[in-house]
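Same chain, two partners: chain A is paired with chain B first, then with chain C.
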Partner chain A sequence: MNIEQVVRNAMIAVAEISDCKLITPIEAQTVLLESGLDSLGYAMLVGQLEEELGLDPFTEMAITIYPSTFAEFVVIYQQGYDRKLA
Partner chain B sequence: MVVNEGTETISEHFFTPFTEEYLAIVLQWRNSERVRMNMHNNRPITQCEHKKWFSALSDDQNRESWIYCQHQRPVGILNFTDVKTEHIEWGCYLGETDILPGSGLILEWAALSWASRQEHCLTLGAQVLSFNTSALKLHKLFGYEKIKSEQGGTRLLEESDVEETYQVHFFSYATEMWKNNKLKVLTRMPKPIQKAIGQIQFLYKD
Partner chain C sequence: MPTFEKKLLDLSQLSVIITDDSKVTAKQLLEQSAALRSGCSELKSKSVAVVYTDTISFVTALVAFDGFCGALYLCSRDSIKSIPKDVCHWPINSKTDCSKSTVTSQNDGLSLPIKTKWYLASSGTSGMPKWFSHRFSDLIRQTRISATLQNLCWGSLYEPHRFAGLQVTLQALLSGASLVVTEKTNVIDRVSVYAQQNVSAISATPSMWRQLLMTNQLHSLSLSHISLGGEIADQGIIDALSHYFPIANIRHIYASTEAGVGFVVSDKKAGFPQSWLQEGVNGAELQVDGNQHLRIKPQGRLDKSLVNRIDENGFLDTEDRVELVKGRVLFLGRASGIINVGGNKVHPEKVESVLLSVEGVLQVRVYAKANSVLGALVEAEITINPSLDWSVLVKKIRSQCKLKLQRFEIPVKLRQVTRMEINSSGKLSRSNINV
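So, the complex of A and B:
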């Protein structure tokens, strides 16, 4: 599964639902809080990804350093997904 | 000495009084474009102005500011004014970007939680500039009542090269209503936010 694409698709879906306008393009170094998703949208994204991946790394994993950029966010989900499959 | 309000362990999400040790980081936050754009006054702040502001804040018994820490790292601030009155006002911002997704929800919760524990407080009020759609959505989600709107000023808004007028929206939340609503609001929160809310602590000075 291409986790990056799943995250991108979820961001687009959440932006539509939460009336947010995503910047384009979303790049690896795009700061999530400056991506167009607001705090509520960002929280909804985590919920959306849990539905799609059956995974909530922020609850299930002992994360002490939170992601700032899109790439860091994807890495956390990739790690969580890999751990789930292992 | 700092003592915990309820438990003896340090939480992953706690609020600690804004003391001099946080002066530099708060100035950095106040001067970041992301924070300035949603303030009444959006011009950069000098170190001298910042120190004067902090000095006035420290001397004012009617104001309280709390630094929000995630994993013991300062990431944002909660400001309360009129704290000795029945109608407390608040504002906040997140200074850092590498934070738990949805941290704005935690600040919203913490503000209402703190205000509702002040026995004399009847309402918690907030002002939001009309272009700050993120805060407007959060206030709606939590159930704030919109009291009125007033003409603000003009501001060069994102993706625009002309100054546009904006409004200031005034919101209020009756603390008694919050006590009745909070469980309902909690169920609307994503799991990581619910977990974080359960860990919120205000660390009071002894």
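So, the complex of A and C:
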């Protein structure tokens, strides 16, 4: 599964429901807090990904370094997904 | 009897509020508040709603009016709509007619200072704010003074009309510390301001802390004091903050607007030690009742309106559900079903009534879904008239929600179900299935 694409699609879907306007393009170094999603939108994104991927790395993994950029966010989900499959 | 002004007088050379474009010392605050009071003689002994516009004006008014007015309602622009009609407004506007306001002080204002009641808003069951009174002496009961605390520079993330914001403001000003307030709304900009001003102490909700962690800029701060409040502080957020600031004093605060001040936990563990149920903490006594609700008997006086929730021994039912796990008392959420979305309270009944107002919606159940970013999000299960198209109705429901509800109240998921679970009392089950 292409986790990056799943995250991108979820961001677009969540932005629409939460009345947020995503910046374009979302690149690897895009800072999440400046992506256009506010805290509610970001919370909805984590909820949406939990439904789609069946995991929430923020509760399941002991994350002490929070992701700041889009790339870091994708890496955390990729790691969580790989662990789930292992 | 201590007033805000008297307490601040002792620290007039120390405390300071730093805003984006100015620096106001306690001495200046005292001068401005004295001038304000002398120009507002019509407010003497009256009940006054102090409406928040900015921190300096708001704090100036509180210093001016404590001990001068009979009651102070600490208001936002929204909560002002729910205060009694005979309450004067400050800042005074053309609609204010204080001549008809009732004199509310106990001694009719013949001598000063008078005992001012401070009213703070807590969200009521209908979603309309409820007002609970406190004495200034109760509000400052948890305020600590020491040489270390005097050297702190607080960054405030809450507006001071909210209970948590008032606590931070009082702690900073009455300990001789500095308080940094910024109008910047972007959290990355806020952290830059805090770094620039050498902020060393921050009080925020767990949700706010998660946002601060996401800025990847926290390393620019040297925090020695970290407080979490307003939501359940889970072990994950406490561990993440300990990782960034290993030697900082990390405290999570349990405080109820209704009960006044609660207690502070500083052992870097979620919940609080079970031994406190026997020993009490900071003069407050604690109990867990048969319904797993936390009961608290604070040192201070409880508001009379809470009488139905106070037992014969003086313990208030906080309506917070708890469980005992390995010597800790852990918080589970609100017994009443209120959903805490990043510190904002959502009343399921209010959301359900909006959903039910859409033609074709037959039954709804609004509940909390646990969320690692904001604690919880709102979701809804809905049954509809089977002859209608679900996707068409969803659009109608969403537009009605946008009209009638605040963003955090709108269900993030609408799930179609064919029937609703009814509990033994014949009511829809609204148990927090995922929290």
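Quick note on the criterion: the second predicted complex is superposed on the first by the 86 of 86 C-alpha atoms of A that agree within 3 Å, B and C clash if a C-alpha of one lies under 4 Å from a C-alpha of the other, contacts with A are read in each partner's own complex, and residues count from 1 in each chain.
The rule is simple: a contact is a pair of C-beta atoms (placed from the backbone, for glycine too) under 8 Å apart; a residue touches a chain by one contact, two chains touch by 3 or more.
Everything numeric here is computed off the predicted structure, so don't read it as measured data.
Chemist: Considering only touches as defined above, state whether A:L33 meets chain B (first), chain C (second), both or neither.
Modeler: After superposition on chain A, A:L33 lies in contact with both partners, chain B and chain C.
Chemist: With both complexes overlaid on chain A, does A:I17 touch chain B (first), chain C (second), both or neither?
Modeler: second
Chemist: Would you sort A:T59 into first (chain B), second (chain C), both or neither based on which partner it touches?
Modeler: So A:T59 meets both chain B and chain C here.
Chemist: Where does A:P67 make contact in the superposed view: on chain B (first), on chain C (second), on both, or on neither?
Modeler: Touch partners of A:P67: chain B and chain C.
Chemist: With the two structures laid over each other on chain A, which partner does A:V46 touch: chain B (first), chain C (second), both, or neither?
Modeler: Once the two structures are laid over each other on A, A:V46 reaches both partners.
Chemist: Intersection of chain A residues contacting chain B with those contacting chain C?
Modeler: In the superposed arrangement, which is not itself an observed complex, chain A uses residues 18-19, 31-34, 39-40, 42-44, 46-47, 56, 58-59, 64-68 for both chain B and chain C.
Chemist: Taking the complex as given, what residues does chain A use to touch chain C?
Modeler: Within the complex, chain A touches chain C at residues 17-19, 31-34, 39-40, 42-44, 46-47, 56, 58-59, 62-69.
Chemist: Where on chain A does chain B make contact in their complex?
Modeler: 18-19, 31-34, 38-40, 42-47, 50, 56, 58-59, 64-68, 72-73
Chemist: Which bits of chain B are touching chain A when the two form their complex?
Modeler: Spelled out, the residues of chain B in touch with chain A are 34, 70-71, 94, 96-105, 133-134, 137-138, 141, 189-193, 195.
Chemist: Mind listing the chain C positions that touch chain A in their complex?
Modeler: Touch list, chain C to chain A: 186-188, 207, 210-211, 213-216, 236, 239-240, 243-244, 341-342, 369-374, 377, 398, 402, 407-408, 412-413.
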